[in-house]
Every structure is written in C-alpha cells, then in structure tokens.
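Notes follow once the structure below has been shown.
Every chain is named by a letter (A, B, C and D) in the order it is written, and numbering of its residues begins at 1.
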Amino acid sequence: MKRKLRMGMVGGGLTSFIGPVHRKAAGIDGEIELVCGAFSVVPGESKQTGEALYLNPKRVYETYQEMFEIEKNMPPDQRIDFVSVVTPNHVHFGPSKMALESGFHVIVEKPIAFSLEEAKTLQKVVAKTGLILGLTHTYTGYPLVKEARNMVATGKLGKIRKVFVEYPQGWLSTLLEGTGNMQASWRTDPKQSGMGGAIGDIGTHAANLAEYITGSNITEVCAMLNAVVKGRKLDDDASMLIKFDNGATGVLMATQVAAGEENNLNIRVYGEKGGLEWKQEDPNTMIVKWLGKPKEIIRAGQSYLSDEAKAFTRTPAGHPEGYLEAFANIYRAFGKAVRDYKPGKKINAAKYDFPDVEDGVRGMNFVQTAVKSGNSTRKWTKLK
Amino acid sequence: MKRKLRMGMVGGGLTSFIGPVHRKAAGIDGEIELVCGAFSVVPGESKQTGEALYLNPKRVYETYQEMFEIEKNMPPDQRIDFVSVVTPNHVHFGPSKMALESGFHVIVEKPIAFSLEEAKTLQKVVAKTGLILGLTHTYTGYPLVKEARNMVATGKLGKIRKVFVEYPQGWLSTLLEGTGNMQASWRTDPKQSGMGGAIGDIGTHAANLAEYITGSNITEVCAMLNAVVKGRKLDDDASMLIKFDNGATGVLMATQVAAGEENNLNIRVYGEKGGLEWKQEDPNTMIVKWLGKPKEIIRAGQSYLSDEAKAFTRTPAGHPEGYLEAFANIYRAFGKAVRDYKPGKKINAAKYDFPDVEDGVRGMNFVQTAVKSGNSTRKWTKLK
Amino acid sequence: MKRKLRMGMVGGGLTSFIGPVHRKAAGIDGEIELVCGAFSVVPGESKQTGEALYLNPKRVYETYQEMFEIEKNMPPDQRIDFVSVVTPNHVHFGPSKMALESGFHVIVEKPIAFSLEEAKTLQKVVAKTGLILGLTHTYTGYPLVKEARNMVATGKLGKIRKVFVEYPQGWLSTLLEGTGNMQASWRTDPKQSGMGGAIGDIGTHAANLAEYITGSNITEVCAMLNAVVKGRKLDDDASMLIKFDNGATGVLMATQVAAGEENNLNIRVYGEKGGLEWKQEDPNTMIVKWLGKPKEIIRAGQSYLSDEAKAFTRTPAGHPEGYLEAFANIYRAFGKAVRDYKPGKKINAAKYDFPDVEDGVRGMNFVQTAVKSGNSTRKWTKLK
Amino acid sequence: MKRKLRMGMVGGGLTSFIGPVHRKAAGIDGEIELVCGAFSVVPGESKQTGEALYLNPKRVYETYQEMFEIEKNMPPDQRIDFVSVVTPNHVHFGPSKMALESGFHVIVEKPIAFSLEEAKTLQKVVAKTGLILGLTHTYTGYPLVKEARNMVATGKLGKIRKVFVEYPQGWLSTLLEGTGNMQASWRTDPKQSGMGGAIGDIGTHAANLAEYITGSNITEVCAMLNAVVKGRKLDDDASMLIKFDNGATGVLMATQVAAGEENNLNIRVYGEKGGLEWKQEDPNTMIVKWLGKPKEIIRAGQSYLSDEAKAFTRTPAGHPEGYLEAFANIYRAFGKAVRDYKPGKKINAAKYDFPDVEDGVRGMNFVQTAVKSGNSTRKWTKLK
C-alpha cells in the first residue's frame, strides 16, 4: 500500500488531553494521516477542531454516526482505513462497535469500554467482522518494556516469583472535580468513568503491564479500595495482593492521592536468578539485578537489546524517547497490522505486538473483580 | 559521670555478624567501652573473642549466667553499667531477663524475644526493676528518619493518608541454609528464629519504621506469607495490606527472595499536602514531594534540618554517614539514658529517642498477627 | 495560513541518521508536511527514499539544484515554504545558500557550514534576502533548558560565576571509520566534517548550550585537543578552560572516546545564590541547588515552570518527552516564524526562540578558535 | 601485640571539625585508644577537651612539646605508639617533625605541611628515623576507590585515556571568613593555610584520588585559579587541564563557590574498553561503563569485589558505609603498619595501602605547581 494510512477520529476536541496525544503519536512516523473526525459533541467544537487541524471541512463531522455513514460510502481511494476512538470511557463502546460494523478497523483508548459486558460485546463484534481492534495500553509500547518481556520469556531471570507493580499519581489529592476541572470531573464520575476510579483509570495499566512483562495472567486479587478524598464518588486509591497463573505472587498499587507524584508507573519483577526494575518516568533505563553479580543498567537504543525491543526504537542510545514515542509504537504495530490485513484472515495482535480486544476484556474483568474484592470480607477473589 | 560507660556483651563471637556491628556502634563516640563478655556457647570461642578484643581475660566468661553472677558483685568502679545482648533470637530473652534481674540495664538486638509471651514477660521485668531496656531497631537511628518523623509530627505533609514500606532482600533466593551458611541456618530455623521468617527478621523493621515515622500504630493487617524457596521452613516472603490508627492505609512488604536486592528497606509516606521517600541504601538523602511545587532533596547534615535530626549527625552535609552511625545513634541515646538514670525514676525512652521494651512487644505482636493473618481466609486481622 | 507548511528536504536518504529525525520532528505537531526532496547523491536513492515516504514521485529530485529550480516556479498553492538541509557538514552551505537565493526559508542541521567563511557568507545572504534561517541546535529545544535560561535571566541564581559543560560520547573509542561505518567515516574526515572533529560535531552543541542558558558569550578559550585513537585524522577529544563576557569562567569538555558513554551532554551553572544541573539523557529533570536550602527537583510539564518552558511542552508532568520533541521544538518555533514572515519585515529569532544564522556564525568561530588554541602554547586565545 | 595501640593527639580541641573525626575513625575498630593529647593552644581548652574525652588528666598537655617530652620518657607499657596531628595546616610540620624525632610514628591530617619545603624536610626526617608517617587522604580509604584502582591496575578498562576529577563545594560562596566562622577563617588565610586556597584544601584530594586510582602521576598542568568572592585572599576556585605520565589527559576542578554543592568529590576514568564513575557523596556505588555492553553498578560489600576492596569493608552490601569508615580505613592500614613495625625495617605504605610522606610531598608539589601555572601565560607548567 504505497500511501499513508487514512485515519478518522472520534473525540479529541480542543479541550481534550488524550486527543492530541493520539494525533501526534499516529503522525510521528509519517505512516498515518488524519483525514476526518467527529471531534466533539459540543456544538461547533468539532468544526473548530477540524480547522485547527487543517482538515478538509467536508470531512469534519458533528457526530460519529454521521461520519461512519458518509465515510463508508466514499470511494476506496479516499475512505478512511481505521478509526481512532479517544472519547471519555462511557463513549468508547458506541463508536467502536459502530466503526467495526461499518467496516473500519478501530484503535481505542483504554479502557475498552464502560463495563465488562460492553467489552464482551465488542469481543463478539471483532470476531464477527474479522476486523482489527487495537487498544492503547500505552506503557507496553516502551522499548524497554518489550526488553523486559523478552528477558522473562527467554528465561534470563529464571522462574518468576514476585511482581510488584505500582501506579502512584498525586493529581487527585484534592477534590479537583469540585473546581470545574474537566479531566477530574469525568474521571471521578461513575456515569462517565465506570465502576472503577483509580483502579480503572490507572490500575488497569498496572495490571496490563505486569501481565505483559511476565507473560502470566493475574488469577486472584485481595483488594483494598478507598475513596480517600472526602466527597469523591469513586475509589481514588487501590492496593491489592495478587496471584499469577504461573505461581508468582505480588502487590499491585494504584493511587491518585499520592501527593507530589506525577505519573510514576513502575514495576519490579523477580525470578530465581535475578530481577528487573523499570520506571515509566525514566523509561529509557532498566535496572537488572543479579544474584552474586553486579546490577546492570540496560538502556534503550543499545545494540545489545533484543530484536523485539529494537523494533520499537527511533533514536540511538542516549537520545531519549518518551511517552509520545511509546504511544506511537502502539500505532506503529497497529498500523502494520492494518496494512497486512486481508479480509477473512485473522490478524494475530501478539505477533505485531499491540494490545487488542482480549486485553480490553481482561482489563474490564480486572476492574470488576478488584471492585468486588474491595467490597468483600474474604481475602481472595478470583478473576473469572 | 566522668568516665566511659562500661558494657558487657552476651553473644557476638568470632563468627557473628551482628556482634562486631554492636561493638563498633557502641565504641564510635568514645562514650562506651567494652569491658567483659560471654561471647559464645562454643567452647573456647568466648576466650578467643576476648583475646581478639584485647579484653582482660578475667572478664571473659563462658556463660552469661557466670558473667552476671560475677559482675554484679564487683565494686561499683569496675562493674559494668549495662549488657548488650546480640545472640540469635531464641537467646534474647534469657540473658536480657537475667541481666535486668542482676541490676544491669540492657540493650538487646531485635526481635526482643522469641515469642510475644517472652516479650511481655520482659515488659514486666522492666517495669518491676525500673531499669532501662533498649532495642536496636537500627533503621530508626538514621538522622533523616528522624527528620521524616519530625515532618509528619509538625504537620508539614498534612494528615497522613498512605504508607508504603518495603524491605526487599535477595540473599535467601536459594536454599542457603542447606549449604552450611550460619546466618541463613538460624534465621530460617523456627527453633532459633521464632514463628516468623522474613516477617520477623525484616518485616518487623519495616513495621517499626512505618510506625516511628508516622507516629501511628498499625491496627489491622491482611497478609500473604510465602515460603517461596522449596524446602524452607519459615516464610521468606511477606506482603500485606495495612491500616493505621489515624485512618491511613498502606502496604508493607518484606521479602528475602527478591534476587539481586541487598538491604533495600524503604518507605514512602503521603499526606494531604505532600509525601516523603527514604531509602536505607541511600540514607543521607530524602525526597520530599509537594502538591504543585518542586520536589525537594533533603540531605543529612544540613543546617536546615530539625533539631531532632541534627542531634544524631556526626559529620557535615556531603560527608556520608551509614549503617554503623545509625546503629551508634541507638547506643548514643541509650547511653545518655543510662547516664541520666537514677534508681526509682523512670526513663522516658521517647525523650531520648531510642526503641524500648514497648517497641519490642509491639514487634512480637506484629509478627504473631501477621502469621495469623497469613493463615486466615478472612481479609483483615486485628493487632491485639 | 489555514494549511500545513510545505517542506522540501535536501539530504536524508535511506541510510541517513539525521534525516528521519528531522522528518519526525517536523511532522509531530501536524503543522508541517514534507512534500518534496532531493534526498541523496547516490543514484536512485532519492527516488527510493521518496517512495518510502509516500511522496509524489514528480516532486522527488535527483539534485537540490533541480529541486529549487522547479519548486520556485510552482504556483504558490503548491510551492514549498521552506527547505530543510540535513546533509553532511560540507554540503550545508551550498543548498542553504541556493535555497535562500531561490526565495525559500531554510532550516539547516548544525554546524551551519564547513568553515567560518561559509558561515559568514550565509549571514550575508540571509541579510540580503531577508529570509529566515533556522539552525537545529537541538538541545536548546528541551523545555528545561529554556527553564534554565529563564532562571538565569530572571536572576534567581544571582550573578553567574561558574559554568561546567560537558559532552562525553564513547562511540568513537575505536577506529570505527576503518570499518566502513558511514556515520564515523564522514564525521572523522576533514574533507567532509571540517577542521574540527569532536569539537565541531559535539563541542559546538556544548558551547551553544552554555551560551544559551547563561545568556553570555564565551570570549576566551584555553584548549587541549587530542586525536586519541591512533589513525584518526581529526580531534576526537577536547577539553578547555573558558571565560565568559559576564566575568564567569568554566570548563568545556567534548569527547567521543569516553568509552561506555552514550550522548551524555550535561551542564552545571553556578551563581551567587545557587546552581543548576541538567543532563540531556534525563532531560525532564533539572536539579537546582541552593545555599542553605534543600535542593529542588524541577520537572518538565509542571505548572510552576516559566511560560518560556511551558510553551515547548506537549505532555503533562510524568509523561516524559525526549530528543524528538526537543528537535520538534526547533521546528515549532521556526515554523511559527515562517507563518508570521512578511517580506521586508525582519524576523527576530530570539523572540520565537530558535537558533539562527548568528548562532551558526558563533559556532564556526568557536570551532576555529578552539582549534587555534589547541595548537598554541599560549594559555588563552580570544574568540574574534 | 596483644593490646590496643596507644595514640596521642595534637590539636582537635572542642571547636575543631577534624579532631572528632580522627578520634571516631581511630576508635571504630577497637584497635586504637586515645590516651593523651595536647588539644589546643587556647589556654584551658586542652584540659577541657581531655575531660570531655575521659582522659587521665595527667596525660592532657598544654603544648605538644611538653607532651612529647613527657611521653617519650614513659615506660613502654604506657607510652604512646603514635601521634595524630590534626591542627590547621601551618601547624602540621612542627609537631610531626618533633614527634618523629621523639621516636613516635605519626599520622597527620593533609596537607602534610605548609609548604613544599616543609614537606621535603619531613621526608628527610622520615627517612632518617625510619618511622612511619601516614597522611589522611581520606577519600582513598573508600572500598570502591580501592576497587577502582584495582580495575585499572588489572587492565579491565584497557589503557587509560581520560581522567575527569572534580571537587565542587559551595560553602565559601559568601565571604564566610568575614563572619567569624573559624573553619572559613583559617582555611582562607594564607598565613595558616599556605599558598593554596581551594587548590590546597580540596584540589589536593582530587589530584591524590586521580593518581591513586589510575596508578599514574600528573606531570603537567594548565591551571586557572580564581578568588571569586570579593575580598578573599586565596583562590576559592580552580580548574585545570592535566597530563599524566601514562599518556592520559584530563581535567581537574576544585571549587568552593559552587553554591549548593556539599562535598561532591567525584571522578570519571575512561580507558580503551570502558570507564568508571564514582562519587564521594554516594560512595558505596560505582558505575562501570562498557563499550557495547550494559553498564554495571558495582556495590561496596559485595562478594564479587577484589580482595583489595574487601579488606576495607565492615558491613555487608546494602548496609552503607560512609566518611568515618573511609577515614577509619586509613587508620586501620596505618595501625597495621605500626603493629608490624620493627626498628630498622622499612614499612612499605603501598602494601598496607595508606598514604604516606611521598603522597604528602607530591601534594605540596601539586599545589605549588598549580599556583605557578595559574599565574603563568604559558599553557603548560610541569610538576617538578
């Protein structure tokens, strides 16, 4: 396909946080161009956004329904290849489902949907249409996360015993949703965010990261969920003991009331022979710890990395990459799959290395189980 | 008292790890001199140790019973002032009790005893004799731990909400006790170590540190204890959710199978306004995090520290202090109390800032509760 | 101008390191599109590159002369707005000069030219045409570098006394140019690189960074230049004492034989009241040191930063930005200037905050002076 | 010798900074006891100091002359074995010389003397008496400095090419000597400190560290010395280009006006195969950098260290050691030599691994050459 992929966007209006992130991430490699969008339900905002993005005004829509209706009837040499859904959580399901049913591949911001039920419905739609659904669990896009996964998979650390994954933020240390802050408002509102607060917003990233790196699934959790800030409607703080299907155990923490923290997702994994430690805020460095030998500092962009990590690096060692590049890696892998897609032939997301609808269902299951465990007096609650 | 304090030691023979640590820590300030000891139950080892320490052979004893018997009858200008007990856990109680009953103050390596019952007995003996019992919870001896405690106490962080305390080590990642390693052997043997493995050996340090800094007590735990290494008789890995009496919650982790970790005790405490982070392996630095302001790097030895921290520093900023100095701070505070002691007048350990018999009882209670919780299917178990 | 800016590129063929960097950096904000290029002098490579970039084959040229000739005669609604020159050093001057003379703005990879004479010629062409010339001194594009500059400019550190700037790399620790490595070959070849090796390739970045942050000019240097690796034709290692026009002094180091270093550009600036420290490999963190107060950790993306720094950040704190984003910031500022350009009205690069032809001349002057000093037995050599 | 070594002290009164450091360092291992001293020339202060140290009042002297006179005539089973000289610089020579001539070994705070001439005189006295003179260049006492030396000596880094050694402090950023501060007053006074300010006080440490680790001698310097703070009589800031006798080159920096710095001595050494980096403020960690392989984190106390490093460690990895322990390592090595001393048999300080009179002479030579170079318009000045 000797042209850029054509992307349409749902959500991502002028006040959006994640919309511009998706656009930059999609554009960075020069493989994808944004050609249309239904950017906002606020009257006029979609138009304004389209103008700011230099889009053809004819392809800036007021609703996603309108967009899919028109775009699917465009000639193949103009029609979009896929849709990027970057709305708040409760509007992930609708456009994703309709996009698939209109014949478009979909890449959707996490969480995949508002509830486990919606997620499972999407799973069925994906199965039925045979189309590709990518999920932007950004943090698995970092090259050193892929190196970590590779180290575990190739047995370098030995059998995995312990996993400690944390996602502390501090930005919800006060009742920010009471001040008109838009990001805080929808993320702490059960009607827009879903049944999980911190556990859904960031806990799912932590769980996804742990499962991605270890190649193992969380099977049971023992959770404590708190709404620490007075007046908050959803949990803003979660800690849990966890068990994995390979016998490993660990701790998962996700909190938005760790005052002074920024976006400090981090993970430590220990096996029989050694351990690794990675922090999202310093993503180009990974510490590997060994029994009886010096610790090693693994660095992104180095020649000694695995092919799996190298495939997702844009600059040589010492030229730091960041969040946008990690995000772009999800788009890079998803985009390759879209280019390779042929009707009737199932795309294997794992091969391309991007999160898909299965990860989305797992994520929603995780949130639901964590909330259930948080309300239980029993120690352990199983993931279904 | 215009002379050095005179110390006798029980345990700490030539193969001991902690014995030399106590001796160096006691000696560093030039306020205490070791004058006698019953260093080992291995025949001849006490004598050898005494020689290596240049002690008067007449004051090197084969048993602690003999030592106390003879020393208590010495003239006041020769008699020891206090006893340092540095034996394995199961031999803490006997010499500590007898020393007190012989009229000597006692400083004892943690845990204070083999069981909660023994600890409570010691509590009574202390109350009855009115003598001083110090407990070497070393890590609270670091100046920046005292600064942290002071920051919380003076409200700088606001009301405390979250506490994350960890003590990962890796040295028991293999079945080291099967190789003749003495340290590993007694620490993993329920008959010498007690009912707790990692939870007793290092988990108590973590709990003590969290309670010391926050000025709050742990009230409930939800624990997962594992014997990860095949063939091990005691837990070598523990994680638990915790609640404090001030309403804060958190996570405590203590593990000896985190391969590649050394002695990485660390704590993070978050309040309404900010948080702090301290790591034992880099003890002269504390990071303080603020809502909406730059993080700060607090450094030991600086003029801006609280008097409570300054009182326990020996060198100016940039001249690092370490484990021995922290250990020496326990001896410094204990020694001051011993100098101030007058029969019939109770010494307030908190004022001098050293851990005492109450901390010992709390520690044993913590271990017992953690083990109980680990065996329970209920989520929460209360500390009595 | 309600459209993307149109960019043409000279150099940046398939084997280029810096070409793709420029393209990603130019594209990330969605404000610039690459529409044409003369990518290589290797027959066929320009065409191949154009195909890989999905360009219209008609606008892929074999030579830059051809490109400028054809493009300048295109209708205004198709014609490029500016040219990006990303060739090796000895081919910076030719296309830059011709592009300007063809009526195109220019953004050129550093160093601006092969020699000080060429640089001065370009300075005259810029003055004559009134067009804009931007220079990609990437590292001043980082938000925290701008914050550092702002801290100095607003007097927060007091009068500046000391500047230590370093640029250690290790990749030329062996005679890599003898192995066919293309990057090493041209960078160590006086015919392609110019009179300076390390001093030109990376020393200029260090000098530029120091001058940018301090707002002061280097006036005298005392340099030691070495060709450490046997067989190398140009210096691969340079250290020098430096003096600034504000009375500050310091040290500048640039070496490519610091085995094991990646791209560790870093700077420390000390004034009467405090100092700052920034490292390119960890670009989102700056340490500020104060007399008698805790050090502070300044972080990119935070609300407390100056407007000058905030203007160049794309993600909130804790979502790391890197080299490509810093590079994109040069393009962002340059692009704004191009959009604002009106014939006959001079653009003030400092206001837009991008390096321009003056920085280019200063850089060439620095290299020439450093080489002269390196060959001198006198201690100090003045920059003209 | 089945007893502690007996030490007498000259200087180190109640207001001294370095006196208590020497006493703690000497005492930490239980191998040395302080038995007498002439602590101050301030009337009465020596007596007060002796009381605070619980010394026998009969062995507390008003002058060092009196002390040596009396002590040398004491019976062998009471007489001191050696003298520790901890006075300000201008009083190093007198007591050191007289102590040697009275038959006592000497350990003296650096710099060894006030001038190169004095140092050479001491060198002759040492040669004549055959006694031991140790010099407390503290920083070479750190275990990882010894590991670094060992790595270079065993060729692990290949031939050494570059050395960057720095000693930034900030405490003299203001005219502290004008405020009555005693430490500042004598250190900035040419009559007490000598011809070098920062270059003598801390530059010598930097030079000594570089020579110790590389096993090479500095042969030429090109120095810039500044008295940055108005009114200061000696240099408070020095930077220099340096050459070594093995062909390596580098930079040495020592400044006391780097506002906000504490005691940040650090060194980087690069060879053909890799480099190492060590920082005094984080002394238990050394980073080793390799061409094409991950960097390594070398940690004090680890089993993988060289015997040379292990011999100077008191605690296992993860139990940090600091400045006092490094200082104690000089005393440990010196003390062993004193125990092994036999009249007529020369002690090889290098074998015991402590700095001696040769290091002292080299240090004074370095200061004198640096000052000379600072005043010269020629680039290079040779060390004699």
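Everything that follows uses one rule, which is that a residue touches a chain if its C-beta (ideal position, glycine included) is under 8 Å from a C-beta of that chain, and two chains touch if they have at least 3 such contacts.
The UniProt protein names, listed by chain, are A, B, C, D = Gfo/Idh/MocA family oxidoreductase.
All of these numbers come straight from a predicted model, not from anything done at the bench.
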Problem - Furthest chain, CA centroid comparison against chain B - result: C
Practice task
Please work out which of B-D and B-C is bridged by more C-beta pairs in contact, and write that pair.
Solution key: B-D
Problem - Geometric centre distance via CA averages, chain C-chain B, whole Å - result: 56
Fill in the blank from the handout: Here the gap between chain C and chain D, centre to centre from mean Cα coordinates and rounded to Å, is 44
Exercise for the section: Could you give the separation in Å between the centres of chain B and chain D, each centre being the mean of its C-alpha atoms? Expected result: 34
Fill in the blank from the handout: Multi-chain contacts in chain A, i.e. residues touching at least two other chains, fall at 261, 288, 295, 299
Exercise for the section: Using the touch rule from the top, collect the residues of chain A that touch chain D in their complex. Expected result: 287-288, 292-299, 302-304
Handout entry: chain B residues within the chain A interface of the complex
Key = 157-158, 161-162, 164, 166, 170, 173-174, 222, 224, 226, 228, 237, 239-241, 249-251, 253, 255, 257-261, 268, 270-275, 288-291, 295, 376-380
Handout entry: Contact footprint of chain C on chain A as seen in their complex
Key = 2-4, 17, 20-21, 23-24, 27-30, 34, 51, 53-54, 169, 261-264, 280-284, 299, 301, 314-325
